[in-house]
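In what follows, chain A forms one complex with chain B and a second complex with chain C.
The block that comes next holds the complex of A and B.
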């Protein structure tokens, strides 16, 4: 079952909505929980045990941490400052042990299902290089659905309890629902407990407005997926699979199309996910904010897969930056090389960890690691050169807020994103480099003219994709300007609203790339 | 509350009308006028010019993956159409043959005999879904016709043929070799695999219908190492003898020299385009030998077939 499939949109979701609406306020969250666990069981069968083990581990560890905090506070009462500090230090050590055990417990499942094969392969290669007579058997496991997402959610919950940002939840069902909530289990967003805790278990009514708003959003997501992403899929598949047969222009167009396809597929999925949750009056955090209006790569990552970016910032970047060894190194650098150099190095070390994990999170493979380090290099270099560029602009009297200057920055960022996504999609790292070489050394426009219609798309397909992208672009520009389009539409007279809805539904039915002759995009982010 | 329910019902009703309207635009108009939207959508053969199809092949997924009418057109100039549905059962075969005869009056009908072994009380859910979609939401199968119509509206081609250049065939390029352990699937046996009474009843009706309309009915069995066996062969041979019909079992002695390593798409269950070429070529040759049909390649009335072939090969 996928979020775009008939089973989910026309069977599963309506049944859950009906059952949810029929139940009392108290029982409504139970319906959501049953639906969530049911969906996981339907897809992953008995692997659901691993999901339940993760949830139980953070629930129990959370309560234990809270208990330690209470005990610590009780003992500290009326004590001198120095003694209080001592007691707090002692209890912090206990807490740290619990935190580390819980994190290792959760991450070990992720490692087992997703990375064991990858690291075994690397180990086998090293054994060959060093002539060690040993080799691991490579076994590919089927992972429980959404393991990369719920593990990050589990870690964020337990770390926040540890840091006393949130109190441990006593209601076992509420924690379970937070971790397994069916709209977000497969592809995120990686919501924090604080984002959803008030609404997820509130059992609010399904109102007419929520239903309309939710389905509007779902429709918009379907439009992105069926009309654009699925139509580009065959072209992308052929362009990447057989790049050596085509000119460099085809490789370039393939990389551009893949980036568009990925954006449409993933942001479309988020529309379905957020729309589904909205029906139950649960607001999930947004994962995209017009990423192709970014002026640099750093900004791009604050607009693309936002919840992953903020997770990595909060649970990797800051802890690494504030860790003892990095602090010591920073202090040393400050004394020897000065403040600026010290902060660049400190940021660089933390960024290195962030992007190593970002790459690995996306997949166990060298292409993904390269994808991570590519972005690390761009952001790190950006941090170094940004003040220099600012200075040059100041000397040359260039206004950096000038629209033309901003436009070129956006174009530059977009090109860098295309290159990154090319490696992300390439079946192997060498393929990625091969395609780049093709683009640079064989940029043959005449050959492209012969190839363009041989990759599964005709002129009518290109026309529909172009029109649909213009539609998405207009919406993105309006959103970027701060307009709340859905609110605006809801204020229009009924005939205007309905005309828009009918147009969207019919556009999906007629111009959707489904049925014989099409190859739908597999849910890309489900595998991550 | 009541107001909202009323609004929702009105919304769905208008949507239904709009979908019906769009279906009218995207389905072959000439056929829609004559047979209605749902009928036209359910039987794609109705989209073809009347009385232009020489031979019809009826059956399940084995047919639409295993017989390529474009090969027959290219090599022999005969018009053939695959009227196939995944998991087809004899009652649907009968209805399909009825519609084919009414609109096309073909000279020959090939019936894939594996449908006779399918229990009509135990139809896979996917087949029911497909059948329901075909029958009640036809636009799902025809939506892509916008490519033809949207850009040709000014030409005002009132014929509006569906222009299915595959003529019911599903082009499959995938190769998945069959396991060698299954190669002996046609091991000799004296036993018979029983056919349920309901299927015999509809088979009987099919035979009578063909006799009445003077259409030659031929039973065939497309190479299928997963589901076919000698017991099935015996049962169909027996049935063919009883009704005095021809039965071509392509599975027997590997009549077409199917290469189970490269001619199949899913380990021997269905043929890919290589396997389909062999079956189609054989059937084209069979039609030639029968003397019942003639070469239309130079006939102006059949120009759309040449156009379809051009698109098919492009």
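The block that comes next holds the complex of A and C.
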């Protein structure tokens, strides 16, 4: 079952809505929990046991951490500051042990299912290089659905309890629902407990407004997927698989189309996910904020897959930057080279960890690692050159807020994103380099004319994609300007609203790329 | 407070710290500048800023940062 499939949108979701609506306020969250566990069991069968182990581990560890905090506070009462500090230090050590064990427990499942084969392969290669007579058997495991997402949620929960940012939840079912909530189990967003704790177990009614808003959002996601992403799929597949047969222009267009397809597929999925949750009055965090209006790569990543970016920032970037060894190095660098250089190095070390993990999180493969390090290099170099560029602009009297200057920055960022996504999609790292070489050395526009219609898209397909993208662009510009389009639509008279809804449904039916000659995009982010 | 404003001005001079209340949300302070700021604050005020305190609400204005420093000094 996928979020875009008929089984989910027309059978599973409506049944859950009906059952949820029929139940009392108290039983409503139980329906959501049963639906969530049912969906996981339907897809992953008995692998659900690993999801339940994860949830139980954070639930119990959370309560234990809370108990330690209460005991510490009791002992600290009425003590002097110095003594309080000592007691806090002692209890912090106990808490740290629990935290580390819980994190290792959760990460070990992720490692086992997702990375064991990859590291075994690397080890086997090293054994060959160093002529060691050893080799690991490579076994590919089927992982429980959403393991990359719920593991990060589990870690965020337990770290937040450890840091006393949130209280440990006593209601076992609430923690279970937080981790397994069916709209977000397969592809995120990686919601924090604080994001959803007030509503996820509230059992609020399904109102007419929520139903309209939710399905409106789902329809918009379907439009992105069926009209745009699915139409580009065959072109992208052939352009990447057989790049050597075509000119560099096809590689370039393939990379651009893949980036558009990925954006439409993933952000479309998020529309379905967030829309589904909205029906039950549960607000999930947004994962995209018009990423193609970013002026640099750093900003791009604060607008693209936002919940992964903020997770890595909060649980990797800052803890690594402010860890004791990095702080010691920073203090040394500050004395010798000055504070700007010291903070660049401090941030650089943390960024290296962030992007290694970002690459690996997307998949166990060299293309993904390269994708991570490519972005690390761009952001790190950006940090180094930013003050120099600012100085040059000052000397040349260039206003950096000038619209033309901003436009060129956006274009530059978009090109860098296309290159990154080219490697991200490439079947192998060598294919990625091969395509870049083609683009640079064999950029034959004339040849493209012959190639363009040989890759599964006719003139009608190009026209529909172009029109649909203009539609998305207009909506993006309005959102960027702060307009709340959905609110605006909801204030329109009923005949205008329903004309718009029917137009969207009709657009999906008429212009959707399905049937013979088309290949639907598989849910890309499910595999990550 | 004066010392804090001095540090902030050294790191990012183009902001009016008396009035600005969206230093993080308005992207006046990026992650790297916040790291520098934390390092300077820890040296100057002899406090340790735990990662859990690095949230926009604590860094969105000079006043909020000052309140954070005072709270950590008391702990």
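One rule holds for everything that comes next: the second predicted complex is superposed on the first by the 528 of 528 C-alpha atoms of A that agree within 3 Å, B and C clash if a C-alpha of one lies under 4 Å from a C-alpha of the other, contacts with A are read in each partner's own complex, and residues count from 1 in each chain.
One rule holds for everything that comes next: a residue touches a chain if its C-beta (ideal position, glycine included) is under 8 Å from a C-beta of that chain, and two chains touch if they have at least 3 such contacts.
Everything quoted here is computed from the prediction, not taken from an experiment.
Partners chain B and chain C, once the complexes are superposed on chain A, both fit on it without clashing.
When the two complexes are overlaid, the chain among chain B and chain C that reaches more residues of chain A is C.
In the superposed model, A:339 lies in contact with chain C only, and not with chain B. Once the two complexes are laid over each other on the shared chain, residue contacts for A:365 go to neither chain B nor chain C.
Legend: residue contacts after superposition of the two complexes on their common chain; A:117 is shown touching neither chain B nor chain C. By the document's definition of touching, of the two partners only chain B reaches A:498; chain C does not.
Looking at the shared chain after the overlay, A:285 reaches neither chain B nor chain C. Applying the stated contact rule after C-alpha superposition, one finds that A:460 touches chain B and leaves chain C untouched.
When the shared chain is aligned, no partner comes close enough to touch A:434: not chain B, not chain C.
In the superposed pair of complexes, A:510 makes contact with chain B only, with no contact to chain C. Closest approach of chain B to chain C, taken over C-alpha atoms in the A-based superposition, is 40 Å.
Residue ranges of chain B in contact with chain A, taken from their complex: 4, 11, 14-15, 18-19, 22, 26, 139-141, 143-144, 146-147, 150-151, 170. Contacts from chain C toward chain A in the complex involve residues 27, 30-33, 35-36, 38-40, 49-52, 54. Note for the complex: chain A touches chain B at residues 208, 458, 460, 498, 501-502, 505-506, 509-512, 514-517. Within the complex formed with chain C, the residues of chain A that make contact are 160, 163-165, 298-299, 313-314, 317-319, 321-322, 327, 330-331, 334, 339-340, 342-344, 346-347, 383.
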